[in-house]
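Labels A, B, C, D, E and F are assigned to the chains in the order they are written; within every chain, residues are numbered from 1.
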Amino acid sequence: MFYTDGKLQFAVRVETPDPLFARALQQAIGGVEGEIRVAMQYFFQACGARGNPKFRDLLMNTAAEELGHIEMLATAVALNLEGAPVSIKDEIVADPVASAVLGGLNMKNLLSAGLSAMPVDSDGVPFDMSHIYASGNIAADMTANVAAESTGRVLAVRLFNLTNDPGMKEMLSYLIARDTMHQNQWLAALEELGGPTGVFPIPNSFPQEQELQEFSYAYLGFQADGSAPVPGRWSEGPSVDGKGAYTTQSLEPMGEKPILGPAKPDSGAQTEQL
Amino acid sequence: MFYTDGKLQFAVRVETPDPLFARALQQAIGGVEGEIRVAMQYFFQACGARGNPKFRDLLMNTAAEELGHIEMLATAVALNLEGAPVSIKDEIVADPVASAVLGGLNMKNLLSAGLSAMPVDSDGVPFDMSHIYASGNIAADMTANVAAESTGRVLAVRLFNLTNDPGMKEMLSYLIARDTMHQNQWLAALEELGGPTGVFPIPNSFPQEQELQEFSYAYLGFQADGSAPVPGRWSEGPSVDGKGAYTTQSLEPMGEKPILGPAKPDSGAQTEQL
Amino acid sequence: MFYTDGKLQFAVRVETPDPLFARALQQAIGGVEGEIRVAMQYFFQACGARGNPKFRDLLMNTAAEELGHIEMLATAVALNLEGAPVSIKDEIVADPVASAVLGGLNMKNLLSAGLSAMPVDSDGVPFDMSHIYASGNIAADMTANVAAESTGRVLAVRLFNLTNDPGMKEMLSYLIARDTMHQNQWLAALEELGGPTGVFPIPNSFPQEQELQEFSYAYLGFQADGSAPVPGRWSEGPSVDGKGAYTTQSLEPMGEKPILGPAKPDSGAQTEQL
Amino acid sequence: MFYTDGKLQFAVRVETPDPLFARALQQAIGGVEGEIRVAMQYFFQACGARGNPKFRDLLMNTAAEELGHIEMLATAVALNLEGAPVSIKDEIVADPVASAVLGGLNMKNLLSAGLSAMPVDSDGVPFDMSHIYASGNIAADMTANVAAESTGRVLAVRLFNLTNDPGMKEMLSYLIARDTMHQNQWLAALEELGGPTGVFPIPNSFPQEQELQEFSYAYLGFQADGSAPVPGRWSEGPSVDGKGAYTTQSLEPMGEKPILGPAKPDSGAQTEQL
Amino acid sequence: MFYTDGKLQFAVRVETPDPLFARALQQAIGGVEGEIRVAMQYFFQACGARGNPKFRDLLMNTAAEELGHIEMLATAVALNLEGAPVSIKDEIVADPVASAVLGGLNMKNLLSAGLSAMPVDSDGVPFDMSHIYASGNIAADMTANVAAESTGRVLAVRLFNLTNDPGMKEMLSYLIARDTMHQNQWLAALEELGGPTGVFPIPNSFPQEQELQEFSYAYLGFQADGSAPVPGRWSEGPSVDGKGAYTTQSLEPMGEKPILGPAKPDSGAQTEQL
Amino acid sequence: MFYTDGKLQFAVRVETPDPLFARALQQAIGGVEGEIRVAMQYFFQACGARGNPKFRDLLMNTAAEELGHIEMLATAVALNLEGAPVSIKDEIVADPVASAVLGGLNMKNLLSAGLSAMPVDSDGVPFDMSHIYASGNIAADMTANVAAESTGRVLAVRLFNLTNDPGMKEMLSYLIARDTMHQNQWLAALEELGGPTGVFPIPNSFPQEQELQEFSYAYLGFQADGSAPVPGRWSEGPSVDGKGAYTTQSLEPMGEKPILGPAKPDSGAQTEQL
């Protein structure tokens, strides 16, 4: 269960409200690489973590921290929106800067939320909880978490570069640091689970002799002139999981054109298909 | 651009049509860990790949292969749906097995698609392209691809365990092998990009002296009794990115309760908030 | 069933087309507090209204009125969009006001709808019919309707404040009046159903002796320093439903840490979880 | 910010795992009347609460409690899913009960989440954060909260009636009690804000003389035979907000058929429309 | 504006309630080929119909009829759901038929709507208003309407085949007849707009000399062995729009591999991309 | 299966990067009338095409071409986004043109994708695969394809009118030509299937004597003054399908007000409904 004391994990200061930056910050709240995503992803992974309970503990504690990040960002959005117009005066209509401000907003921040944050991205699209990856496989979950924190830190860096406000830069320098830790944290969990050769291929509980192994380490590509695709670490040498060696093969059909046959009567098809 | 010869990458055989398994297979087409996702993800990553063009080449070739996997699975769904009823006879209504079959379908496979595959998951929810992660950062993209192929192989293994049909088991043993390769392929790409210490923290182009470094390698947790959270690889020792050492700190507020102040007149608030 | 004579419930005049205001008006059509929502909500509530048929009658009649409001607003959007550019001339590219107009549009109003209204909100997000609350409990439905009309009137007031156009202000003064009525109408229905002490807790058909009554009127909160949360009408005195008295309790766990145990073999988990 | 100690707010016991009931419980997690919705709704309302800070405090504390409810329900789902099949044996295929179990699941709980809970509803549809109503008007927010808890308690009662498991019934009797409190809590907040005559019409900061008051308390209806719609509390007597008296009027057009005129050249219309 | 008298356009009788058929009927309400779609599509097309007002009239009248069809179907769903269980008795748990009924439902029809219809499809997915095609081009709209009524009638026929209930068969035979008319109605509108040679290519207001005409009537295909794709009416002879003659060409690249160049500094890319 | 050589079907040149036009182009990628839609629609129709295999061939080949169109447009978006700012300098904040550019972007193209294309529309809304119409009826599919290409060409023409860049105009003149062909191609397929009198009403496999034929060719409308709706080709003369003659009838109820009766005990209704 969760507790709150209503305080912020880190100070949120806005010196010069900037409604357009409020819109950008929304991506860090409700974007697919934002804080709702990581908070809820770690939460549901924790709730489904079977096996060693230390992973549940790790995940749930980090979920709690991420909830606090949503709160910080939502506060930052509200403070930046203080600069947005709520009523139109004639001079604003004629002022291209003011028009650009109004046109550049997520209008819903104004019309639906009254100058407050919403669980939407920077274009006003609501967050969809299908982005919560919680697979029941603890290692697969960790790869999803590394990916989430990698894209999350990319986003935070882009936001850092889009503002000159000292308060906002300070808040983001904190969040970027936390993303550094969280990338490292989930990478550490993968090490604790055995590192690349112990973890991969995920799931490691499936007996590899049941897969069609001649295709397990083959890079497939096609070039119209018959040449091989551009080589790389993925086309030769030992595989990262330590269980095979990369080869390159041409992408070619091993099956025929599929034939479904005629449609059933009463299936709503045209007569010509029956 | 893309070409097709209408053939299948691997043979698709169904000995005993099983409409319930058709529903399960839909997850591998339109689920968030399914083939539309990887095909389109690699496609869009390729289209946005700046820097060394070998990554565009790698990504676009693999996108082409994944399109062929959708085609295989869609054929498998249609063949399994041959066993579904399209008209109700009295005997079916009274037959619990037949009722269970009809009730257990994605009804849209029958009602909307006429016993064919759809771009939906195993509960009939359409695929939403917001799951296409293409960040413009090639390393972040690779972590997303490792995650996608990890959950993808978990799914393929679960499907393998849910069928007894020899044709379906063979097709899945091929797809599982390809997922093994693709996990290894994207891990190899991360090695080519510098390996853990070269790649992380992502993006590696942000100068770490601009982040609040006292929090960059600190695990934060809270226990009501004041004890530390359960330790692990993530709470001590050198960080995986090679740039710090893990510590543990208590999760504590560094900010105050936020005060937004009164609402603006004309902002649609209650009088009591002004 | 429904009839139309093609006329508008109230006159729609636009003196100065304003494409940015057209975008704002889209929120009143396709936003979650907009007219599609109330029209369809009352419609589906009517279709599922069991018990006294007067509620079906009330709901379906109001659904018909709300359909007419969508029509008014869609007309207003189309008239305001007459001011938007459909082709780019060189002078427009260099003109910040014109650029701001084009950038401030829902582009789909131009590209998809040819300067007409769409069932989307002010940021171009399509309306999702999951917002139609029709619970099968007539009192719960009425609370949802009060909420819908409350947020609806807040929105209409915000739109009123964002325009100087006399025609638009007149149309909105009509819609605001209708929202006043509809708030009062659904409150009146709650009174007809018994008022606060007759209606609540919803559903009133569940025997309260089957709920864990020691928690039925207790406000739960947590403060790090052990102090009580800020008191209010909700923490002392008789409950609004007339069936208890408010108390305050500290939020504390009554359950243990959950243990799910090991994962099943064949479930796609890592070996370490089995 | 938020803290967790990993414990449950209330004990979660399942005596006889029932995968079909796990599916039903998903509605209380990810349904529009479920716990994610209230947790996030109170959270975002708190983050945007301008005016008296006691409401922020009240909302954030209740958000914390609701997060704990998601955790309880997610645990209950995982425990109930222990009864689901993860591999198909021949005997299961021929067994109508086992087939019905598999066909009756949200398949994603099995295929995507490995027998764990997901942020989806009882039909596998992901929760969409557009259902978080946080309007910036504290009274409108409270009406949305009463509605959420009313539909939430209706749902909890339906779940209570769909299970015979003593552990599940006990957990639900606790959650039903909390819904009773939360309905009363938000009703109490509306009283603190002035009660019906002080609060309504929402927003009370808009001067009613600017609305078209002849329509502010009129019930509009249409009957083909010219008779009045069925009367009720909403068609006569003083209005609930204390500012008017209900009347009944016939629904009639006050506007003409709208004429948009010809389409613009270059707008992509047919020549016949120009 | 719209009026209702609360009556049904056609009688809705259910002799034997069938909850599974209720689920199937939901597709005709909230599926992409269902009645909400056509009602709202014709409504928004009417609201944006520029040019000859007879099309607005035609569209709005048909929208009104389709609203009545939703009402019929919603009534049919509620009547069929009368057969669904709302509480679990021990005997039901052990009864495969009863279990199959419960597992085969859209659970939300029971849990969220209390045995009533919802604006969702047969798998419980809410209707999404992005399916309302209203392009501002009257001819393009008519093609979308022909498509909607074609898939709509296919669906109605499939439903007709899935029920033995005389009342349901009668209702569907009426709806199928209306779909016959509506297909013919929109085809008639296309004739009124000029027929194939007058209408196509849509939009007919774009001067065809500005398109790259050597590709305007060429069928492009690819076969690995260099043979031509299978011929048909689309590969030779005069084009249906009367403005060209079909040819067949091989699908070949006319552009090079795209080179985006390095990423910008400060854009959040990896150093290796700069 | 699919192959790629990484080249573009047609050259993509951008002389003057225009970030606002990049946003507009997104509609042609991820809009409902865009290229993802047609590529995936033809792909899934091909996978479910029962009957004569020439239609599978036709559809799959055209799907391959459309994939190449997404690639062209994604390249065009990335090249146009080269003109967008990635960091804020003081001078930009004060510059209305620069502010308008930033505010006019899909922010996600910058924040999520690093100046690359995404599978979203021009307002940043992700493409939803429910727009893939593949009905299992080959003629219904063809009508959907005509509609898709008609709205697609309308969009391409609007984009053509919104740019002055010679490279973009050339690329669009090619895509417009292809849309001309594809409209004609699907119309040709309908002719091959029998033309209007052979194809309609779709599905032509349903015996029309089982529909209520007195309503199969009747146009229904309502006018408050009792007059007939405006006549047209749809109200008199032979029907386009050659199987009837149009008539006009008044829209009138043939059913009564529906009565659902009381709610069930234990169904979560209010006591007043039981």
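One rule holds in what follows: a contact is a pair of C-beta atoms (placed from the backbone, for glycine too) under 8 Å apart; a residue touches a chain by one contact, two chains touch by 3 or more.
Chains and their UniProt names: A, B, C, D, E, F = Catalase.
Keep in mind the model is a prediction, meaning the values are calculated, not measured.
**Student:** Fitting on CA atoms only, what is the rotation between the copies chain D (Catalase) and chain E (Catalase)? Please report it in degrees, nearest 5.
**Tutor:** Rounded to 5 degrees, the superposing rotation is 120 degrees.
**Student:** Count the C-beta contact pairs for D-F and for A-C, then tell me which is higher.
**Tutor:** A-C
**Student:** Distance from the CA centroid of chain A (Catalase) to that of chain D (Catalase), rounded to the nearest Å?
**Tutor:** Once rounded, the distance between the two centres reads 26 Å.
**Student:** Take the average of all CA coordinates in chain A (Catalase), do the same for chain B (Catalase), and state the distance between these two points in whole angstrom.
**Tutor:** 10
**Student:** Would you kindly tell me how far, in whole Å, the mean C-alpha position of chain E (Catalase) lies from that of chain A (Catalase)?
**Tutor:** Chain A (Catalase) and chain E (Catalase) have C-alpha centres separated by 32 Å.
**Student:** Going by the contact rule already set, what residues in chain A (Catalase) reach two or more other chains?
**Tutor:** 1, 3-9, 32-33, 47-48, 50, 53, 56-57, 61, 64-65, 68, 71, 75, 78, 86-87, 96, 100, 103-104, 112, 114-115, 120, 123-126, 128, 130, 135-137, 139, 151, 154-155, 157-158, 161, 202-203, 206, 222, 251, 253, 257-258, 260, 263, 266-269
**Student:** Considering only which chains touch which, how would you classify the arrangement: line, ring, star, complete or other?
**Tutor:** Complete.
**Student:** Residue numbers of chain E (Catalase) touching chain B (Catalase) in their complex, please.
**Tutor:** Counting only chain E (Catalase), the residues touching chain B (Catalase) are 18, 20, 23-24, 27, 31-33, 96-97, 100-101, 103-105, 121-125, 151, 154-155, 158-159, 161-164, 222-225, 251, 253, 257-263, 265, 267-274.
**Student:** Which part of chain D (Catalase) faces chain C (Catalase) closely enough to touch in the complex?
**Tutor:** Residues of chain D (Catalase) touching chain C (Catalase): 5-12, 32-33, 53-54, 57-58, 61-62, 64-65, 68, 71-72, 75, 78-79, 86-87, 114-115, 125, 128, 130-131, 133, 135-137, 139-140, 143-144, 146-147, 150-151, 153-154, 157, 160, 170, 173-174, 176-181, 183-185, 187-189, 191-192, 196, 200-203, 206, 208, 210-222, 229-230, 232-234, 239-241, 244, 246, 251, 253-258, 260, 263-264, 266-269.
**Student:** What part of chain E (Catalase) is in contact with chain D (Catalase) in the complex they form?
**Tutor:** Going through chain E (Catalase), the ones touching chain D (Catalase) are 1, 3-5, 47-53, 56, 86-90, 93, 96, 99-100, 102-104, 106-108, 110-112, 114, 120, 123-126, 135-139, 193-194, 199, 202-206.
**Student:** Show which residues of chain F (Catalase) lie in contact with chain D (Catalase) when the two form their complex.
**Tutor:** 154-155, 157-158, 161, 266-268
**Student:** For the complex, which residues does chain F (Catalase) have touching chain B (Catalase)?
**Tutor:** 1-9, 30, 36, 40, 43-44, 47-48, 50, 56-57, 60-61, 63-65, 67-68, 70-71, 74-75, 78, 112-120, 126-130, 132, 134-137
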